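Next up: some structures, all given as structure tokens.
First chain A sits with chain B, and in the next complex the same chain sits with chain C.
Let's turn to the complex of A and B:
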């Protein structure tokens, strides 16, 4: 008995370092932010209890004019990620699952941009797409497509779609690798059995492979959602902290950064903390909801 | 015929995937005037002038050293504390085990960066603003959820007879952990260390907020200063981008297996 109690006690000793580090530097700041949001601030000094006044300020017209477009852009990035990047990732995983030669090499080439710092990617593409000296436009005019040689990132109409293309270019290896792993886990016999029963290859795909990929799709959907909502470094490098051109690439992350550190508002701490709480509730809540919906279906 | 098309598309995309990185690499060896003359040209020789300029004039040397110190320390510290925590969570029975596991692992979906303002004032009160140690602690703490998740799952898979045999031999929990478990979880430790290295090396948000002193900057924020300063010197800009990227490419080539294992571990979230 004595032995088992010392053992039980020692379990907690093992947990202490991680518990302290995680609680102090991750959990505590998140929850203190909640208390920050219900006070009025004078710079870094806490002034008076504000109740929900900071939250109400977020819903005034001048702020909503920034909040709603930014949120909309986050959603467009999510939709673009799902439709373009993840569909392409699935197509590559399927095509490569049948490939005999060059599979590893192709996988590595597709996944390599994932390793590159999003900031580097943003800066690299601003140089590549530069209207004056950029190689992309040089290539397009060289190929006789002068009409397509345009300031892709400088025009508010094309800036966000261009961001989606760049994000796809960077991340497509991620769904590809996850889908490849999931495909590897599906026994060959399933498809073979279906084929002997006379199923065509499109039937095998829709009726057998795709349903079995559902768990992987669920994971990828959730991670894509979190990724799209938290986008920051890439758009910062492409359009600066204001989401240039004309706010066309503004997202929640940039808005929060500006509200906290670049607004010049005396009550910046109050405003940005309430924005952080709102974003936290929204992102974390949606993630949990998404998890629940996707699990139930699977 | 159909497979030929598929092959063509795959290799076509491979070109699209690699071309921007190739342009970056090739341009880094070309003088800026040459790049402006012909954006798609090839370097005339292995000219390292751009690199020398970025390394000395743009203080890339400082950024790289800071990044290495911060990321290596944070990854090791995060792995060490997570390893200690994952051992009882994966292998021992005690009150609150499920609760502790949920507490740690919930961090994988928490948007932790939203706590950055309170974190700023917490670090300030500890005298850890503009300090590499402060950044190390923040990063190590942030790596705990994923690490604990992967390591706990790994500990759980080990055969149960091991603990019994160890305790019959009179080994205490620490001895069991150190001599029996640690050697067996090495592959998982490698996964965790390699997998955390990439996002921490690339992290931009925390140092943007927590570091002001130019001599304490890590690569990503350093890069933004560099881009403002050398705007019109594209050759040097490309060299800076390459230098920021190289360590991760080397890591990927050396440890593809661990990176893929880390990615797929995330699937069971």
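Let's turn to the complex of A and C:
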């Protein structure tokens, strides 16, 4: 008994450094952000208590005109991530689980872009897709597909889908690794037993493999949701702080950046903090909700 | 009990991580051998600062000017706001012009500058000085250092090869563009992807339409609006010139446009005078010329310009007298000359004539045909009217809205704060 209490005591002690770091860098900024949002600011100088005035400013027409489309784009990114990136991730994981050779190598290769900073990736892709000097359009028209050689990032109709493709290119390794791990945890016997009972490969996949991947899918869904709602660096590198072209790639993160750093508004600190608090509350609430729904299903 | 020493170690290590007051004071200007170090923050290449300030150090042996440059322009505002709020900030700093200066003024981070301390200030043009003033109190908070002008930069060789001379009428300019286009040379290198360039280019081609300062004054006095036909016509020039911009221009970035011009694929570059520096370095062998687009309805065009920034003095400086004396030098012709010759842009100091022949030419044009660049004067609000209008112009070039609708967006945005 005595031994175990000391053990527990010392284990708390070892938690202290991590907890302190967490408090200083996560909890403290969260609460200061909250407190900043209820004050009026003069530059970096706190002025008077504002109550909900900063929040009310976010709901004026000039702000809503930007806020709602931005939020819509965040959701489209989430949908795109789920449909394209995560489906592809699953496909890669399945294909690799059957691969006899080079599994490790391919896994590493698919996951590699995920280790590169999104700003670098965004910059590389703007160069690749440039309609004047970019190799992508040169290749397309060289292959006789002139119709496809277009300003991918310069046309509002194609800009967001292009962002989704680039995001997929960067992140596909992540769902792939998670699905691979989950696939490795499914005992071979299930599939063998089903086959003995006369099930075809597609039946095995839909009836056995997929249901058993549900926990992994839940995790991936939630992480994709948070990732798409918080996205900033890649869209910033691809379309600048205004979400070019014509706001087609504008997201909440960019709106926050503009409100905080690009406006010259004397009260920028108050306005942007209230936006940040709203974003946090929304993402946190939606994630909890999502988690509950997914857990109930599983 | 046995845990106590361990806990003490943890606490100590945490205390060691906390910012201590001693380390921050070590960072602030130190007085060694009675020499005063003035720290100056700005943006742009550091060696330029060192070169210019060396002259002051020679004149004032007791002063050491320590320049620190932050190359990332957008982060500079945040770095400066934090620096001036704390104890490790600079004594003097480059300040943004107009709207972005106001947060620092209202937070009381800067010393108001009086003509008694800085005699040079009284010679400045009112239009130049306005960009360094607090909007609410009307006091001057900075010594303006640069004036930027907006015009068309052209490749002299391409012009000569095709028998083109700088246009005297709008029709001349269109004819020249047609001629170049027929020879598969892009007439104007202009990208629409980075939307901050759009109001600039609208200013280059449209200012003559709405007529410069008189129009802006009327908008400020609310006797005219941006939906005025003259303004709509002005920004509509971009639509009319569209055939002479690169293909797929909304996908062409600012850097792409620079490369199109510096590689000789395009003959003209509508933009700011600051491009001269880039082109001189990156377009070696290309002889540069500049012209102001003539007025579409005949006659001379207008060359828009704006004050780029100013030197402010921190309210927290430990060496107020020295900092003000230095600021007074920054308002002098000596410094102005040094600035324009080192950085190859216009000095804001009145009466300075650039040595560079091209700059000299622009300077003469600006004296005769200068106008205030509209966007910087109307960039207030959150979302800023500049952001709103840049995006609107981009939509206009994409063919989604008309010039009239773009002007309405600007008007609505300006109405939220004017």
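The rule we apply is simple: the second predicted complex is superposed on the first by the 282 of 298 C-alpha atoms of A that agree within 3 Å, B and C clash if a C-alpha of one lies under 4 Å from a C-alpha of the other, contacts with A are read in each partner's own complex, and residues count from 1 in each chain.
Keep in mind that, in the parts below, a contact is a pair of C-beta atoms (placed from the backbone, for glycine too) under 8 Å apart; a residue touches a chain by one contact, two chains touch by 3 or more.
Being a predicted model, the structure only gives us computed values, none of them experimental.
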{"item": "Partner, of chain C and chain B, that touches more residues belonging to chain A", "value": "B"}
{"item": "Touching partner for A:66 - first (chain B), second (chain C), both, neither", "value": "second"}
{"item": "First (chain B), second (chain C), both or neither touched by A:155", "value": "second"}
{"item": "Contacts of A:133 with chain B and chain C, given as first, second, both or neither", "value": "both"}
{"item": "Partner chain(s) touched by A:263 [first = chain B, second = chain C, both, neither]", "value": "second"}
{"item": "Partner chain(s) touched by A:44 [first = chain B, second = chain C, both, neither]", "value": "both"}
{"item": "Touching partner for A:33 - first (chain B), second (chain C), both, neither", "value": "first"}
{"item": "Contacts of A:99 with chain B and chain C, given as first, second, both or neither", "value": "first"}
{"item": "First (chain B), second (chain C), both or neither touched by A:10", "value": "both"}
{"item": "Touching both chain C and chain B, counted on chain A across the two superposed complexes", "value": "10, 17, 44, 133, 261"}
{"item": "Contact footprint of chain A on chain B as seen in their complex", "value": "3, 6-7, 9-11, 13-14, 16-18, 20-21, 23-24, 35-36, 38-40, 80-82, 84-85, 87-89, 92-95, 97, 100, 104, 107, 109-119, 121-122, 137-138, 140-142, 144-145, 148, 172-174, 177, 198, 201-202, 204-205, 208-209, 219-220, 223-224, 227, 234, 237-238, 241, 244-245, 248-249, 251-252, 256, 260, 263-264, 266-269"}
{"item": "Chain A partner contacts - residues on chain C that touch it in the complex", "value": "2-3, 6-7, 10, 13-14, 74, 77-78, 81-82, 84-85, 96, 98-109, 192-196, 246-253, 256, 259-260, 379-384, 387-388, 390-391, 394-395, 398, 400, 412-413, 416"}
{"item": "Residues of chain A touching chain B in the complex", "value": "7-8, 10-12, 14-15, 17-19, 21-22, 24-33, 36, 44, 92, 95-96, 98-99, 106, 108-110, 112-113, 115-120, 123-125, 127-128, 133-135, 138-139, 142, 169, 172, 174, 177-178, 181-182, 215-216, 219, 222-223, 226, 229-230, 232-233, 236-237, 253, 256-257, 260-261, 269, 272-273, 276-277, 279-280, 283-284, 287-288"}
{"item": "Residues of chain A touching chain C in the complex", "value": "6, 9-10, 13, 16-17, 20, 42-45, 57, 60, 62-63, 66, 126, 129-133, 150-156, 239-242, 244-247, 258-259, 261-268, 271"}
